[in-house]
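What follows is a set of structures to go through.
Okay, so chain A shows up in both of these, paired with chain B first and chain C after.
Up next is the complex of A and B:
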């Protein structure tokens, strides 16, 4: 009886119902698209950032992240890598060596025997050209010259090595592809580590600070130069699914078992980036809250209007002996019926919009620079949160917001309303 | 009451005697400045670097002229033999025999380690004397919490505003007998110890009485220490200007 009455009431005044439905559906679609957009763009920023350099998970010797010492190494990195290959969800991995060094170049126009007087401090990364390429697509960021390849320097200390330098570092050194430079550092056994290199390529991550101090040599070269045979400082682990990173981190950590190693997710080793993301996310959540609030106000408004318009109707009901409780329940039910209809309609529209945005994205022009990483396109994602959060909001709003006007309607004094309205 | 008066008198008579034995502060600081410095010098030394991960010993020859020129050539071990450092004023170059190249040390690396030791490039380049670059004062024994041997005085040096150093005070203990420094402690602006330099094995060398062993212990790196032992030294015997040239640096020779 109650449901039937409420259902009929909904369709009695089509235009009024349509208005309420529009407000609710609009609120649902706005919230839903915002959430999909937010999760999608953060997901793509995080994947872009981690895929380009750090990986989503990293393995280090115990304590390396807090105190990056040359002596804190992964001693059997090949075995660790083989173990990683067997973990489902791990796409690939890349071993690295990190060390600080002095780089120096002869000024242009000076001949052999001249002082290497253009010098700069740099952080050297030893990379496995094949593994690094499959993990981070390293060569796609080489703006000039070519990718590192195995050379004589991988096995002979006195051979000339090949090096890729960061774009800004090349500017500081006033060097270009084909120039030779000298690297001076200290090996893990305390001896000096010095070697001549030819610049084979210029690398640009888009982060000027990073490119001002970074250079890359092959892993074998670095192991020989720094007396770290068979050892690495870091293994970057790549996965395609950001959602499984936390679980995967625990799984790998358990797999490492006896080894004295730390396994961390990007939330730990890229803490600043993560915190920046978190702060931004909070901001967006507040924005979504405001959108939902505005939608709720709209719903309140239409229901209030509806109740006012139907005062006469309620007066008649009261005069016929309807209990106030019945009227309250009826109005709340009406609001909820409209809520459910809006959620259904909104879900269809949101899915269409999100599907479009997840395929095409919005091209950022000019591109935005987030912590040194440049993004050209923002892509949305579709996940359960895009539906249940706005659905909950709409239904909760419909129920709560309709109660005060319902109470007002219930307390309509039959005689007075019938006389005046 | 009487006792208190006695104590005061005792104290009053005590202080002047202690101060009588203190040398003039300006003269003392000048003496410290001159201890290892001279118009020119030639020395041979052994440097032992200890870290938790490795220990190595280098032998080297060093020449200096005035306060602004230094030349050091590494003799052993074989892997580093022939490496050399030349410093003129505040500029510094390293010669690397392995790649036959001479590399200028950029300003950003001046606070870095020299040859992997606990001595920084800045320590080698440093040409400011205590007298010019610092204000100094005697520290009363009571003001110093460390252990103090009998017959020593403690002075504190505070860098002048124009002196660019990473520490904010140096405390030096000096033996009164022969005015030989026993140790130097470097403190940062928070009053935390940065490093300690201990001097020992006072001997006559090259006509001077000097501590022939110097040990540098950084406070923030546990297990690290660098020990420098002079095996011979000559002062004011005449070192040619051509020692301090890039040509000599690149010659790979030892002269």
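Up next is the complex of A and C:
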């Protein structure tokens, strides 16, 4: 009887119910699409950012992130890499050496005695061309020239080395592919680290700040140059599933056992980027809260109207011996029936919208720059949160806002509302 | 006391209007015997409605006691009173007050549902009472598709179906034409005689007064004696 009464009461004023359903459904769809859109965008941004350079997880010597010292190294990186290969979820990994240096360039075609005309400070990264290519698709960002060759010659200190420089750094140095330059730095053994290089390629990450200071040599070359034989500063770990990163980080950390290493997810080593994401998430939550609040006002208005219109009816029910709890349950159920109908309708509409946005996306014209990373297209995603978050919001809102009017109805004084007995 | 369905002792009800006490019922001592078919009459403002509200447990007296079927309802808690009303009092209202979203059958069985009467018994009792009020063919109709007289018959069926000790009817004919009113009262009188159920009316309508077995006159919140129903015929 309770369900029957509630169901039929919902459809007494069809036009009003329809308007309320539209409000609630609209709230559901807006929330759902916002979540799908933002999750999709965040997912794209994070994957783009981490896949292109940092990886989703990084392994360092203990304390390296806080104090990136030349001497804080991973001494047995091959063994660590082998261990990483055994972890399910790890797609690949890439070892790196980081060091600071001064670069001075001598334009191509000038003689051996020519002056090194331009110089700039640079961040040198030693990469394993094969592993780096597998991890980040490094060569896809070479805009001029060619990728470093993992040849034996690179590890021969007597030969001229090959280097890839960032696009903006090349501009600063007024250098181009084929030009020679000299790298000056200090090695881990305290000696000088200097070597002559030929620019084999120009690299562009899309992040101008990064490209203004970055240059790349082979890992074996860097180990030789900086007296770090067999050692690296960093191992970037790649996975295809962002959702498992936290668990994977813990798993790898446990796997490292007694090695004196730190294992961190991108949320730690790219804290600024992560905090930016969190700030955006907070904005999304505020947006959803406002949407839910608007829908709640609509529901509250409807329930209040329903209760005020039916005061006499509640008086009759009370006079006939209906307990207050029955009336409260009936009104809360009425609100929840509207809530469930809205969730069902909203889920269908949201699925259609999100399917479209996840397949076709939206082209950003002009492209948007997010922390130096440029995005030309944004894609939505469909995940359980697109449904359960708005559904919970709608149903909790419906229940919550219906309780005060329901209590008011339940405490209707029959003698007062009926005027006469 | 068991022979009396209603006993009131010194029942008073005083309202406050802008801080000024307004006595509506002034110490009524009254007894209504089981099986009676009694009308309470009186001018507007005489306290009929307030008195019936007190008897029905819809309002609480300022002082005095009300017993219904031997139980003092003046001291009952809200929940007990609600259950007691459900099980012991049937209501017939001036404006019918059927639940519009329920069918005739569902309206009549509503109280039995609250009482937890099993479905087969509910169905049997609903069909029996609808037969008696002449609406057996209307059980699937919604109230708004019935005439005023038919709606009031449904209200009579709803009031009687759970065999309450007392049926209270407030101005039950106020919205009906005289022919329909007469037919309704004749039907109620017949049901009173068949079932022995006690009826207490509040009315201005002479059609009710002339069919009542007793007529009580209320004036200025006090019982001002009895009238002879034959005087209204």
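In this section, the second predicted complex is superposed on the first by the 363 of 421 C-alpha atoms of A that agree within 3 Å, B and C clash if a C-alpha of one lies under 4 Å from a C-alpha of the other, contacts with A are read in each partner's own complex, and residues count from 1 in each chain.
Just so we're on the same page, a residue touches a chain if its C-beta (ideal position, glycine included) is under 8 Å from a C-beta of that chain, and two chains touch if they have at least 3 such contacts.
From a predicted model like this one, the values you see are computed outputs, not experimental measurements.
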item: Touched partner set for A:320, first chain B, second chain C, both or neither; value: second
item: First, second, both or neither for A:308, with chain B first and chain C second; value: neither
item: First (chain B), second (chain C), both or neither touched by A:120; value: first
item: Which superposed partner A:5 touches (first chain B, second chain C, both, neither); value: second
item: Touched partner set for A:184, first chain B, second chain C, both or neither; value: first
item: Which of chain B and chain C A:414 touches, first, second, both or neither; value: second
item: Chain B versus chain C as contact partner of A:355, first or second or both or neither; value: neither
item: Common ground on chain A, meaning residues reached by chain C in one complex and by chain B in the other; value: none
item: Chain A to chain C touching residues, read off their complex; value: 1, 4-5, 8-9, 12, 312-313, 316-324, 326, 413-415, 418-421
item: Interfacial residue positions of chain A with respect to chain B in the complex; value: 71, 102, 104, 113, 115-117, 119-121, 157-158, 182, 184, 186, 188-192, 194-196
item: Contacting residues of chain B [partner chain A, same complex]; value: 49, 51-56, 77, 79-80, 83, 93-94, 96, 98-99, 101-106, 108-109, 112-113, 115-116, 246, 250
item: Of chain C, residues touching chain A in the complex; value: 49, 52-53, 56, 58-59, 78-79, 82-87, 91, 93-94, 97, 99-102, 106, 110-111, 113-114, 158, 168, 170-171, 202
